[in-house]
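Both complexes below contain chain A, partnered by chain B and then by chain C.
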Partner chain A sequence: MRPHTGWVSFRSACGVVLLLARATPAPAQEAHVGNRTGHAKAGKPLYQRYCVGCHGQDGDGNGENAAWIDPKPRDFTTPVFKCRSTPTGTLPTDADLFNAVTRGFVTTNMPPWRPLTEQNRVDLVAFIKTFSKRWQTAKPGAPLTVPPEPVLTIQGILHGRELYQRMECWKCHGPAGHGDGPSAHDLTDNKDNPIRPYDFRSGTRFMCGETNQDLYRIFMTGLDGSPMPSFADQLKPADGWDLVHFLRTLQPLQTREAAIWREWVATHGSELKPIGPEGGGR
Partner chain B sequence: MIARFSALVALVALASGTTPREPHRPAGGTISGKVTFTGTPPKAKPIDMSKEPNCVTQHPTPVTTEDAVTGPGNSVRYVVVYIAAGDQGAAPATDTVRYDQKGCQYIPHVAAMQVHQPLTIYNDDPHSHNIHPLARVNAEWNKSQPKGAPPIRTAWDEPEFIALKCNVHPWMHGYFAVLSTPHFAVTDSSGAFSLSGLPPGKYTVTAWHERFGTQSLEVTIAGSETKPANFVLTARPY
Partner chain C sequence: MVKRFLKSAAPLAMMLCAAMTAPSGGTAARTYNEAYVHYSTLIPAFARKYNLPCSACHTAWPELNAFGQAFKDRGYQLGNDRDSPIWQAPAYWPISMRTTPQIHAENTTHQPIDPAPSEKTITQTGVDLSGVDFLLLGTLYKNITFGLVPTLDADGTTGLEAAFVRFDNLGSSPWANIKVGKFELDNLLSEKRFTWLSNNGGFLYAYHYQPAGSVDNYVFGLGDNQIGAEFAGHSINSYTRYSVAVLTPDDGEPGLPSGNSVDAMVSLSQAFQMGGGLGPPRIGVFGYLGHRPTTFDSVGGAPIPGTGSAFKSFTRVGATAQVWFGNLELIPLVSHASDDAALGGSTQKPEWNTTLLEAHYVATPRLLVQGRYELLRMSKQADPATPKTFGDVDALALGVRAYPFMFSRAGMAIHAEFAMTGTTGMAPLSGDGSGVDAYDPATKIWSRSLFLGFDFAF
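Let's look at the complex of A and B:
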């Protein structure tokens, strides 16, 4: 650039910036969940009181507690979120974020925030969305439709077991769902931090909820940022439900699924090929 | 959505069918050269694929890491060379970039493409991969692609060097180099590259390597001539 045009360009650039500053609407300052509207302004002091310790002043997940936390606190500047109703690679809905704040993550240090009022939580969602510009340039994905749950059958569970083999869920989650598959030990997340696959023995709840619908959503949308991919392009809705019903048998619970499965295994168990490199099926 | 996208791809392919992007006798100038290194590059390490027996049998001799592939004369492979400045409304690249997962490796290790250029990702292995582009500027996603699954058709919206990994096979690493220019190349095993079809003008040519960083040169093209541009990157052992 020649020097004598430099000043002119600089001045006109300033003009453009000023104009833009006036014309551009305020960044995503609101969140909408049900009838409630959350405001970032109201969420900010709440964030600084309750969230900043882990998620940090800049929302980058580098709060003063972060060094002692595993998995690491969410980085809101990216913005990539595990628990969503929306397809992989898309932003979550406000309701997804609200549910996450409300529910907490049973597999991490994030507690449930039910002690805060609903309005507080919606305000927090609005504030969290100010950490990344993508909330202004992109819209949340269209939530995945979860079709009605079909009747539970042993055939469905057996098909789900075949899918667990064929989709190679066992490579991370292990042949019996104990989180000890051959790839389990060197999994890393999108920041190269080590991360464990879910162990189905760990209880009744999953990272993103506890209902069969939540479980269906987890493998269909994937947990973005983590090694868990989306299977939405690979599984038809009926397949998804069969997989849900099989996964329930891996939990140490008296679920309906586990009950009919144990009964079947007691008489037909010898027909099953173990899950693993050459296994699966009957 | 996929159908609509395929239709769009087909349309674009038809529209561009008569004017291939990099014709054999390109009008305009060419910038070509070689990328070499000084210093000590890291050693290529053999990859242990014993976790995936299918892939062990696909490689009679073990494959080695590809993050720093050097050759005779200190040449560097997998360097992305592109026009960083000076493009004058060049026609967008429309041919589909093919990316393969085969033998538990990404082929090619580095794929360059323009923003919005169609990208198709195949799984040629008899087992599952998950393809996880660790995008920051673009949206990060992570999809399972089991044995026999159809290819994933996608494209990127913003320029970015996107690292790629497969979580099931942690040794698998690759890059999508997404560029705003249609003028790009990835160096071959001799470190050579060539950017053709450049109208007269002043260009900034940039070379990017995942470990050795970036370097830029200014090159002026006057007509249908070939101008050299040779890069010497600094290699570090770690």
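Let's look at the complex of A and C:
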């Protein structure tokens, strides 16, 4: 009797495939933002339409335009994200990704995609999560709670200036916040691409938002994948807010912080020590 | 080398020379065809500037999607604080060109020929060319935008389709923007960005119809670019939009040929966060109040441009929508139009209504299947003796656009289209045939277009 080797082999192969399929967790096909549920299947054609030119067919940031873009598009396969509400080293929440798609990244090629419907954006988030298996094995970190903003005072701004000196923010961002500190030219991101520190003159918004809460969150979560670390272990909440208030004075905007600062500097400016290697901050 | 350069520069030189010698002003009558030679605004220069594929701003180019509409509303700015030209490489030049080599066949029935009252079906077939649009649009500075669209017709005639400057986000508010110059009206169904190219499919009766008997110096097309100033605004995502335009009564002709009066256009629209289609559903309304002179001062019997008086009014009002069911987009439009009796050239105000439904199935960013049906019915003729159905229109268009590639440097579409228009008694506005009304005002004239074109832009 002739053994049914072909049939047996076929059945075995099917079994192996089925076992492998069962051993592999189901891919992250959904995203949840508010009361909306995004589906990767719906997000795929949207990604092809809007995102593939920069982020690439495989989500690795190597789209056909990537060579011409600076800073480089995000690599979704890693998956490391700058703008999060979650602690450094953890995955962002779906809402973080949704907000990033909605807001875009000022001073980069990533525009705000706000004109897309919310459902479209949630679907895109669901699809972006299919590029890395980490979404199947790990959960997003717990979102950071931003404490209430204290009353704005000149003492707080001055303390923030001291922190800017003491924590050596100036080494990258420069003494005046122009992104021209002594380390600025040697910085690279997690893919060894040159990266420049934020120039507080350059944009009306920050990379991850435009409110004081957004800026506070950046200190505490850090911008993963960039040289900007998390200061969650070094900064007390009050210190964080003082730093926020000082950094607001570096922007070319008519902020309350800038008004208080200008008034104080007009009469006490000579008391200030310069920021930098020789400075003391105050 | 020199020969090659001269050869390639010849069209541009011809255009410049013609522009320098073109007469200014004048009220010379235009055929409908002249008004519709230049179709669209697809601007790969923006794609090159921002490294975005065509599909980011267009459902299927040249039709804008919600993101592209918001980009336009912001003054062709992405809003990432990198819009001013200082952020582009100095070699960047904000220019695109678009044209469509094509094979087409036109067939029009009941065309009067000599000797009267003979008539026949006229058919024209062959390889042909569209005009060329030179699309220069971009920012002069952050929040200061310009647009300049010189055009070159296939027969060498030049034109200036658009020329404007726009001041964006006045007072840092998206609700306040002002544009001055010659520009497309803020029509919700844009004829400059629509996806029809054939003679019969390539324009909308709702935007261009004028009834039989209209006086010679009354020329108007809601789809024509107009000269004036537009104050417009929008919400941050452009879901809410408005525009108010004050325009010269010249249908976009430079040189103020008509006289001292103004036209006005208002449009409002609202989109909604609903559904999971390719874009948000939107509804909108529009209204146009225009004026045209009925008399001119004259010399030697010839009217003197700019001396028009006894202005009479005409109106166009309508409503439209944009609805998405997945990848299927439906665009209905209804409108009502009326002219003063003096503009109609007879004793009573002509009035008519138009309804159309356009459907796009955007299978992928690189494949569009589309259809449109438009219906126009005269509700009142200027001359009571004219048959009530004279000038009624039924227009159908079907088409496919396939884009062999889609990226951020250039665009190309292989465009196939069949369109047919039936007009009662009146010569079809497609420009096909003899352009003369049928002998019998009750005759249904059918004009058909079959079109295969290679629509490219760089």
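Assume the second predicted complex is superposed on the first by the 259 of 282 C-alpha atoms of A that agree within 3 Å, B and C clash if a C-alpha of one lies under 4 Å from a C-alpha of the other, contacts with A are read in each partner's own complex, and residues count from 1 in each chain.
Note that in this section a residue touches a chain if its C-beta (ideal position, glycine included) is under 8 Å from a C-beta of that chain, and two chains touch if they have at least 3 such contacts.
Worth saying up front: this structure is predicted, and the values here are computed from it rather than measured.
Colleague: Report for A:E168: first if it touches chain B alone, second if chain C alone, otherwise both or neither.
Modeller: So A:E168 only meets chain B here.
Colleague: Just checking: does A:I154 make contact with chain B only, chain C only, both, or neither of them? Give me first, second, both or neither.
Modeller: After superposition on chain A, A:I154 lies in contact with neither partner.
Colleague: Touching A:T90 in the superposition: chain B (first), chain C (second), both, neither?
Modeller: first
Colleague: Quick one: is A:I260 in contact with chain B, with chain C, with both, or with neither? Answer first, second, both or neither.
Modeller: neither
Colleague: Using the touch definition from the top, say if A:T204 reaches chain B (first), chain C (second), both or neither.
Modeller: After superposition on chain A, A:T204 lies in contact with chain C alone.
Colleague: With both complexes overlaid on chain A, does A:M110 touch chain B (first), chain C (second), both or neither?
Modeller: Second partner only.
Colleague: In the superposed arrangement, which partner chain does A:W68 touch: chain B (first), chain C (second), both, or neither?
Modeller: In the superposed model, A:W68 contacts chain C only, not chain B.
Colleague: Just checking: does A:A138 make contact with chain B only, chain C only, both, or neither of them? Give me first, second, both or neither.
Modeller: Only chain B is touched by A:A138; chain C is not.
Colleague: Quick check: in the complex, which residue numbers of chain A touch chain B?
Modeller: Going through chain A, the ones touching chain B are 78, 80, 88-90, 134, 138, 166-168, 171-172, 182-183, 186-188, 190, 222, 224-231, 233-234, 277.
Colleague: Within their complex, state which residues of chain B touch chain A.
Modeller: 51, 53, 127-128, 130-132, 134, 136, 139-147, 149-150, 152, 165, 167-170
Colleague: Provide the residue numbers of chain C that touch chain A in the complex, in ascending order.
Modeller: Within the complex, chain C contacts chain A at residues 50-53, 55-56, 66-67, 69-70, 78-82, 236-239, 273-280, 364-365, 407-408.
Colleague: Can you name the residues of chain A that touch chain C in the complex?
Modeller: Per the stated touch rule, the residues are 42, 45, 48-50, 52-54, 64-65, 68-69, 104-120, 123, 202-205.
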